[in-house]
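In what follows, chain A forms one complex with chain B and a second complex with chain C.
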Partner chain A sequence: MSASAPSPARRWRLDDRTTAVVLMLPPALLLFTLFVILPLLDAGYYSLFKWNGYGAPSEFVGLDNYAQVLGHGIFWQSVRNSVIVLVVSIVVQMPLALLLALLVYRQTPTNAAFRLVFFLPYILAEIASGLIWSFVFDGNTGVAAGMFAALGMKPFFILADKDWAFFAITVVVVWKYFGFHMMIYIAALQGVPAEMIEAGKIEGAGRWQIVRHILIPQIKPALMVSGFFAVVGSLQLFDVVIPLTNGGPSNSTHTIVTYLYAFGLTRLKVGFGSAVGVILFLAAIVVAVAYQRTLNKEAAR
Partner chain B sequence: MNFKHFRAAAFLAAFASTALALPAFADTAIKVLRSEPGNEGEKALYQQMVTAYEAEHPGIDVQFEYLSTEAFKQKLPTLLQSDARPDLFYSWGGGVLADQAAAGFLKDITADVATEWADRYSAAGVKAFTIDGKIVGAPINASEVVFWTNLDLAEKAGIDIAAIKTWDEFLAAVKKAKDAGVTPIVVGGKDKWPLHFYYGYLALREAGAKGFADAIAGEGDGFASAPFVKAGEDFKKLVDLAPFQPGFMDTTFEQASGMFGDGKGLFHLMGDWDYGSAKQASVSSKGIDDARMSVLRFPAVEGGAGAADDTFGGLNGWAVSSTASAEAIDFLKFVNSPENLAKGAAAGYYIPATKGTEAGITNPFFKAMSEHLAVSQYHQVFLDQALGADVGATFNDVSADLAQGGVTPQEAAKTIQDAWSMR
Partner chain C sequence: MNMSAFFAGLGRAVVLMLVSAFVLGPMLVTILGGFKSAGELRTNPFGFPQNWQTEFFSSILSDATFWRFLGNSLFISLVSVVLTLIVAAAAAYVFAQIRFFGARWLQAYLLLGLVFPFATAILPLFIKVRDLGLLDSYWAVILPQTAFGLSLSILLFKTFFEQLPKELFEAAWVEGCGYVRFFWRFTLPLSTPILATVGTFVFVSSWNNFLLPLVVLNSRELYTWPLGMMQFRGEYVVEWNRTLAFITLTILPSVAFFLAAQKYIVAGLTGGAVKG
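Now for the complex of A and B:
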């Protein structure tokens, strides 16, 4: 090599690492572009048109679709519903999952059986669980009806009630996903070094103090991750709502995605639906970035 | 690696696969897409027709595909734009068919079938599948929406069904039924379209053919004009009596149909297909005995511009897609021939849109409905189809809101007019 050769630090070498990158990056980038970036750009393009899904979009309306979406009362109702699911996920579902995780994280056969039972709802297909719960809530023949009868009350058709139907949906959401969060916490709890708990016990800490001062701070990363899943999942809630109420009595139980589906796709207003999709995407980005910022601030502390 | 053998093997595999694929190209495939009929028997009937046709025409392969109604409606726009589009597909006509024609997805078969269709089908039927003077399909059946009535419960409540001729008399009967402890009406509110029958029929009685034509043309206040508001008020009078079964907004059409078949309600406002579906969905699979069931035509509304024998219902049929082959059109002529339609009619699946079919129908209810349709001066197609997918869905939503007392009649009419003017 002559003296003018580039320094080793900057010389590009055909070693294993570069080969791996060159081989694996293009397929991943290709798939990501095809299935995420391109549809996103398409949606942005279609949202500027009034289009019924047939042929090519031809009626340019600019930001009209966005104005219609933002002025539609049912859209804001669906945003409200999505926020309700978000809050319930964080305030009800995560603590419940944490509590159960704390109860069953130790490796014993009984705990393994309980873990399986708690995780089962998550494995069930969303549409199937929605259908099952629609029968449970049925005021004539469902389990709920039996409960009301046992309490001596008249049957209450919760899924037919404009004010309470969404409450029923949040119950199903909590039931469906708490197992997933519980598993995350169990994995994290099992990773807490036994010495720390020993040390705590030696110091004379009680059960609750061990939980509060040792276990929870140790599993903070898991809490952050599961919180992120909860937030993103609540923005995307769709499959459970459709079999239960299909948007609900008088469009009162729509979430953003079911709103997009009902008012965009089934009514053949693809431009309108694309506008909703773009708005949802921007909301998701804002939430994700805000979440990461808070996470980083926490980590830096 | 031994590349020599690898290449030979790959070559052989490619050759074998093309060789195996060759026989498939010899058959012309005709793809037919239909929404799930309410009756398993209808599918069997189609299968018989397909077998008969394929026997007479070797080299033709007819494939029937069924999708549930909502899935069918949602998948169709995408399918029609792809190469997998069906040759023939089921259609409820109306604005949706017009949209498909405007987008160029339908074939103009006027030259091929005009005289034949004029001989075979009723004028209204052919008209329903003619867009801008071009025939784009063939009608199968016409349906009328009526009050299916349970005579046992009517007796229990002391109501004389035959005497109900006006809306006020109907309301009085509903009140009487409620006082007697009978659930006056079962309705599938969750699906919303069963509720739009009430509002739609009342609008038909109040506005009549001219009122609808004016509203569609955008004259005056359109759908927010006085007759439509009055129709909403008439509906409100019914809703205020709390006539529906408890939790009606959580009941699907199939469940309501089954409830009627189980004798849980006095009236069920539904089309002719409910005859079969109420039996099928009931607990006993037999529904109500024919002798203990009757059909009540939708009552007249005093002061309304519509005629008392205007009918509200469907005019369904096959639409021909733009790339349909000549063989597909030939199959359409066969499967929709008066003989084959008569078979469906005889089995009680539908009322065919063919000329002079009343003679061939044995079911007394269908016979009566067929006569109603024949004399009706104006047949309003289901509004959630006639007004197009968007305004149609709005009509359904508004009907559901009215049924729950969530909007005033003025607001309801205005919502529809806004949706219509912005479509």
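Now for the complex of A and C:
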């Protein structure tokens, strides 16, 4: 743009450009470096020390913290739980979201109302959602209690049951987030040209065939984005778990982040917690790279 | 054909009703539960209360700490919004408008935040905030959460700024209007839709944030409402109805805000997702 500028003013204009860059960019760079990048680099550094956070880290232990994390049964339990969340997101939540998106994506007042309802849980704070459901699941006074009483059964405390507590958490996750995925699909479905669907109908395609051969291929990018969010979301699940089980009973319902919180942060084991953070970071990078690759492959086709 | 259309319509209605019940059920029992006595909560968890008890609501509403929690959350969220809008829009404007050496690198650097979860660096972040002397202050929440929101905000702003008509800048430039002045006088006023979207997005995530305040706030006077709610739950662990009243009072503002700003919320979340 500056190339087309009238020449007399040019020198002054260049200075003006520099002023703008020097004035407008540093605040973002400073904040981002200080509170995002430096802590991230610190995590790598601290993870090599045994350190309780006071004084300077001095007890260098090499990769000991990593060995400790990877040798800890509860860590692997938390990884397993995060994988379960991911599987449920992909096998239950995304198909449910897609089904509902197909049912309500057309612009009518009733559809708009249903969209609003389905999206509502997403807007609530995770912590409030967790508390609401811990009441629902409560075997003493909650909704579960009422249901068991109505069926004439003894109350069952699902959140206190080692085998079922995490299943209960996945129900809450689906409840909380399917509306978000649905909205992504709806945005994409509304962008599918109406002529394509008309053409399909003229060729005698049924309802299901239109969905299968026209709509789903057309919204593939949206499906991939939502899959990416499902992975990232399952990696960082935290808030919902705290009010529901706080990682219990007997540490069976930790996710990676609640594990980091319980075993690194609350005990101020900075080195150990940082090692967990670094592992989480690496997992996120692997996901991002894999996602980018698939995107590139799709684009190359 | 008519038969099959009928059954398709029926199936559709049944699915929509079932999912609506699944979504709204827990919220309704929560709202109604706050009006029930402990005995009734046990015997009648689903239905309307026989006599509506309002004592929990009035005792919470007349409690100064409840308002304090909400006030803290509101203050932190508003400052975060203002700070994010200024800082992110300024940076995005530079990337959208000015070509200079290293611009691509700096932009890639600032977008790194899109990739990894906030929790990865939470422990070193705690140490950093402590060493800066910010621990247990509003800024301990505001600055890190603003920093973490920058990547997405910059991306959204930049995409929008690039779609603004180029001729406008060229005309202003010939008139002698500099880059910084153009930003204030033209770019920002023309960008209200995206400002609203990013602002709403930042506000909602700040309002609901739990992990960061949990880690960096100690004193009760500074608690945001999610922290206050968890503490309240701990205090009245046997009185579900009291807790349910508390939850109701805190989710109602969220729901009201959502209904008022849904356009921007949906645009921010899905638009950002699809473009990102």
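Things worth noting here:
By our rule, the second predicted complex is superposed on the first by the 266 of 301 C-alpha atoms of A that agree within 3 Å, B and C clash if a C-alpha of one lies under 4 Å from a C-alpha of the other, contacts with A are read in each partner's own complex, and residues count from 1 in each chain.
Quick note on the criterion: contacts are C-beta pairs under 8 Å (C-beta built on N, C-alpha and C of every residue); 3 or more make two chains touch, one makes a residue touch a chain.
Values in this document were obtained by computation on a predicted structure and should not be read as measured data.
In the superposition on chain A, A:284 makes contact with chain C only, not with chain B.
Of the two partner chains placed by superposition, A:87 touches none, neither chain B nor chain C. When the two complexes are overlaid on their common chain A, residue A:160 makes contact with chain B while staying clear of chain C.
Judged by the touch definition given at the top, the superposed model places A:136 against chain C, while chain B stays out of reach.
Looking at the shared chain after the overlay, A:265 reaches both chain B and chain C.
If you count the residues of chain A touched by chain B and by chain C, you find the higher number for C. In the superposition on chain A, A:121 contacts chain C only, with no contact to chain B.
Within the superposed three-chain model, A:53 lies in touch with chain B and with chain C [touch as defined at top].
In the superposition on chain A, A:183 contacts chain C only, with no contact to chain B. Contacts of chain A with chain B, set against its contacts with chain C after fitting on chain A, overlap at residues 53, 138, 140, 265.
Contact residues on chain C toward chain A in their complex (touch as defined above): 8, 12, 15-16, 19-20, 22-27, 29-30, 33, 38, 41-46, 86-88, 90-91, 93-94, 97-100, 106, 109-110, 112-113, 115-128, 130, 143-144, 146-148, 150-151, 154, 166, 169-170, 173-174, 176, 178-180, 183, 204, 207-208, 210-211, 215, 226, 229-230, 233, 240, 243-244, 247, 250-251, 254-255, 258-259, 262, 265-266, 269-271, 273-274, 276.
Residues 52-55, 134, 137-140, 155, 157, 159-160, 162, 245-246, 249-251, 262, 265-269 of chain A are the ones touching chain B in the complex. Those residues of chain A lying in contact with chain C across their complex are 1, 4-6, 9, 13, 16-17, 19-21, 23-25, 27-29, 31-32, 34-40, 42-43, 46, 53, 96, 99-100, 103-104, 114, 116-128, 131-133, 135-136, 138, 140-143, 145-146, 175, 179-180, 183-184, 186-188, 207, 221-222, 225-226, 229, 232, 235-236, 238-239, 242-243, 256-257, 260-261, 264-265, 270, 273-274, 277-278, 280-281, 284-285, 288. Taken together, the chain B residues at the contact with chain A in this complex read 70, 73-74, 77-78, 80-81, 99-100, 102-105, 189-190, 246-250, 388-390, 393-394, 397, 400-401, 404, 406.
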